[in-house]
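Here subunit A shows up in two complexes: once beside subunit B, once beside subunit C.
Our next item is the complex of A and B:
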């Protein structure tokens, strides 16, 4: 009886996953095996996947996506961790909610508007270049906008907040007695951080890093607006297949390959978290 | 309020909602267009005159339009604006239906601009060219020597490195580059692609960005770049009043002439209203508004639109110089599907370079 009730409760979620994930995914996997538009092929094959490995600009897009995502994830962690520590341990308890609300403020604005705002800030006539040339530090404006750097800045602005939340939650769960015990045993603040705080907050870092990885590698808007089409990332390449060539089979194959990368990242992250818990 | 009057009020409200909904549903027109058709100054007079609502979906590039149509049901769309050169593709795909030739102002459109070879088949007209212009070079003459822009090869030289934006549309820009290399857009073949590709790579080395209509226009207007490759009067004419330094030129190698045509979907369930919309857009009033639309300005196909344009507008459009410009320009390349796929591959490599 308990089992039946459990199934009934899980039913809606299962149905939702089946309808809105499993079925579309199966359709996409099938379409990815059909001939690419204009290829003149027939029947099902792995030709679209083979084409991915044969064309340097396809591989280049995957490499660009992985590099940009790795940079964004690392920089976001480096910026988010001290921010989360300040929020959890320096800001008085009564101000923490307000500080958290301020921290998530960027989530409240439109993603597109935020990207265009960064374009205005980073452009040749933008705030940064105007300030630097105005005070005489530069004679010529820097090429900040329409570049990989601009894409990384746009992404990092967003994901620092996400990582701050996951690390903050982890820090708040940490019993203060652990650090007191380390101090009693003679460890200084640096040693306590390296040997106690940091290892215990790694699950928060890893969870945030995985979310950053997934959201960053699949994002089209930020590189499209801030990158100036100076290099292609996988989502842009997929959009080119759909928007310019109506080539759904190739777009599906590229999407599946991107999903495989995300799945590998997930299993690596999940395995690491399991190993951490079993220690 | 008595019970009876409350019921009457309720019934009246329901009836009003039903009638309004029915009326709205009956008078809605779905149009797949380039962004110049979204200007309220262009659309509102038609909506008022016909008590209709025109829903506009903007796209860039015929491939994008075909992709959207591919994902739609027959009857979803009523009006299509498409590059004149691509009308045969739309006819082949069974997208466009024939228009009543006698109701269209074709006599007021110069035959060179009308492009009957593309817009008609078997004596039937499937679309009418509504607007045309050039994909060439726009520039800021305060920052760039206009004499340099008379030769297209300056774009892949060293002088303007980092000062160039490229319009993100493979057909006109590859056509331009081909002309810069002394090739004819109408004769392009597979064997021309390696040279075009190499030149595009040199252009990319000089480019700060590759952008769509809005972002490339904005980059030039805000001074982010000084030159826009693939630009033309469609970029600078509308901005010339605010920034007289913005100019455009057909270099000695010439420019690529674009033309967009309007037609009615074969499967439209509102053939009459859709045809009325086409007639309005092609009327002198509609043509003048379309020529000076907020998204981009360009020459109206209907010569009678001149009466509805001011002298300043005609000057910005370079009304009087058109015969010379038409002579010094070539149409978009019309590649076969196989060559088109290869040209898109070259463009993807260019973006990735």
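Our next item is the complex of A and C:
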């Protein structure tokens, strides 16, 4: 009886998720099996998936996406971890909230505008080039925008903020007594870090890394604004199928392949993820 | 602070300073050149001038898009909070069979890219003959925000509140009364926080809105079409304006939600 009432309250949300999340997903899965625009095929088949593995154009986009996402995730962790340590341990306690709030302030710029603002910095007549040519370090401006580097910088900027938050939160949960105990037992700062702090902050790192991976690999805006036309990432490829060719079947197949990659990543980090109810 | 600074601490602070520089560089350039007088937001800076703010405030399309974003944001966030609250209450308090599975299902959209959620809705609405519209975008925004609101509110429904609800029920309050007059007031900071978080996500969301709107668009989509004209101080001005408003919102949340928590401890 109790349970029935519970599902009554949860009913509207469950119905909504079913109608606007699960059903569209099923429809997309179905459409991905129908012949793609201009293929001349008929009936249901895995032809779109086969096409993905046969054409280097498609496979290349997936490879680009994986490489860019991997670089961004690793670089962001390497930059954010020491930053979070400084915020949690060097900055005096009463300034920490302010320091952290400042570190994530650019989160609140509009997402489209954030990529655009890197264009202002990196383009051939942008701030960096003007500064470098101004002091004579460069004679010709470099086109730093419209490249993989620009995409990586734009992504890293965002994810350093995200990872700083998750790692900082994790560091603050560690009781200081753990490190004191390690020191009492004769461990130096390096050993304490490697054997105590690092393993205990692994959940924070992995949660952040997983979020970075998911958000990064699915993002269309950053590579579209900063990457130029030299290479395509998966989201751009998907949007191309929808926009230019109105090829919903191929776009669906590519979307599902992208989702499979994310799911694999989820299971790879699942044991470290803490998405459970906090106590 | 009387603690002597060690060399490693100094090194750490220098590193933090560099990272702050990296984090703030593009934002500083964006804001500075929104006050630029010239036609291109590139150095050397000349100004300050409010010329581009004047232009965006008198730009009908931008202001329409801003209003659309506000409407979609407020309505979809309200719906997300309401659905999320009811579901969290039902699952946390009545523990229906398979409640882990049910909450897992409700949270599932969190692990799927917005692009894929948008694609699914586009194809489904297209098949159902539903035209692209702000309504479609709003429905999409509920999909991404409902799990968020559910998770936040669910985590705040603790067991000691359940006792208070039980005593209200023992005193004869109906389920609706308990929900409205007991539970909601006890967890209103969570309701408030999830509403504003949902609003920020909706307000800033691009790809779903891009896929699901055609003529009436939201602000991020309108800014996107501004970008086609390349570097343009108008984009700096609207970007700075949105940034300012968001910061203001963050301060409100901080003051209302966390201010209260601090006062109560």
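The rule is simple: the second predicted complex is superposed on the first by the 256 of 279 C-alpha atoms of A that agree within 3 Å, B and C clash if a C-alpha of one lies under 4 Å from a C-alpha of the other, contacts with A are read in each partner's own complex, and residues count from 1 in each chain.
Keep in mind that, in the parts below, contacts are C-beta pairs under 8 Å (C-beta built on N, C-alpha and C of every residue); 3 or more make two chains touch, one makes a residue touch a chain.
Worth saying up front: this structure is predicted, and the values here are computed from it rather than measured.
> Of the two partner chains, subunit B (first) and subunit C (second), which one does A:10 touch, if any: first, second, both, or neither?
second
> Taking the superposition as given, does A:228 touch the first partner, subunit B, the second, subunit C, both, or neither?
First partner only.
> For A:20, select first, second, both or neither according to whether it touches subunit B, subunit C, the two together, or no partner.
A:20 contacts subunit C only, not subunit B.
> Going by the contact rule stated at the top, is it subunit B or subunit C that touches a larger number of residues on subunit A?
C
> Go through the superposed model and pick first if A:45 touches only subunit B, second if only subunit C, both, or neither.
In the superposed model, A:45 contacts neither subunit B nor subunit C.
> Is A:96 touching anything from subunit B or subunit C once the two structures are fitted on A? First, second, both or neither.
neither
> Report for A:82: first if it touches subunit B alone, second if subunit C alone, otherwise both or neither.
second
> Would you check which partner chain A:123 touches, where first means subunit B only, second means subunit C only, and both and neither mean what they say?
both
> Applying the document's definition of touch, where does A:133 land relative to subunit B and subunit C: first, second, both, or neither?
After superposition on chain A, A:133 lies in contact with neither partner.
> State which residues of subunit A lie in both footprints, the one left by subunit B and the one left by subunit C.
Residues 123, 125, 225, 242 of subunit A touch both subunit B and subunit C.
> Quick one: in the complex, what on subunit A touches subunit C?
2-14, 16-17, 20-21, 23-25, 27-28, 31, 79, 82-83, 85-87, 90-92, 99, 102-103, 105-106, 108-114, 116-121, 123, 125-127, 130-131, 157, 160-161, 214-215, 217-221, 225, 235, 238-239, 242, 248, 251-252, 255, 258-259, 262-263, 266, 275, 277-278
> Tell me, which parts of subunit C touch subunit A in their complex?
Answer in residue numbers: 1, 9, 12-13, 15-16, 19-20, 22-27, 29-30, 33, 40-44, 83-84, 86-87, 89-91, 93-97, 99, 102, 105-109, 111-117, 119-124, 126-127, 139-140, 142-143, 146-147, 150, 154-155, 175, 200, 204-207, 211, 219-220, 223-224, 227, 231, 235-236, 238-239, 242-243, 246-247, 250.
> If you look only at subunit A, which of its residues touch subunit B in the complex?
Within the complex, subunit A touches subunit B at residues 37-38, 55-57, 60-61, 123-125, 143, 145-146, 225, 228-232, 237, 240, 242-246.
> Write out the stretch or stretches of subunit B touching subunit A in their complex.
Touching subunit A: residues 61, 63-64, 66-67, 70, 162, 168, 170, 207-211, 215, 222-224, 337-338, 340-341, 344-345, 348-349, 351-352 of subunit B.
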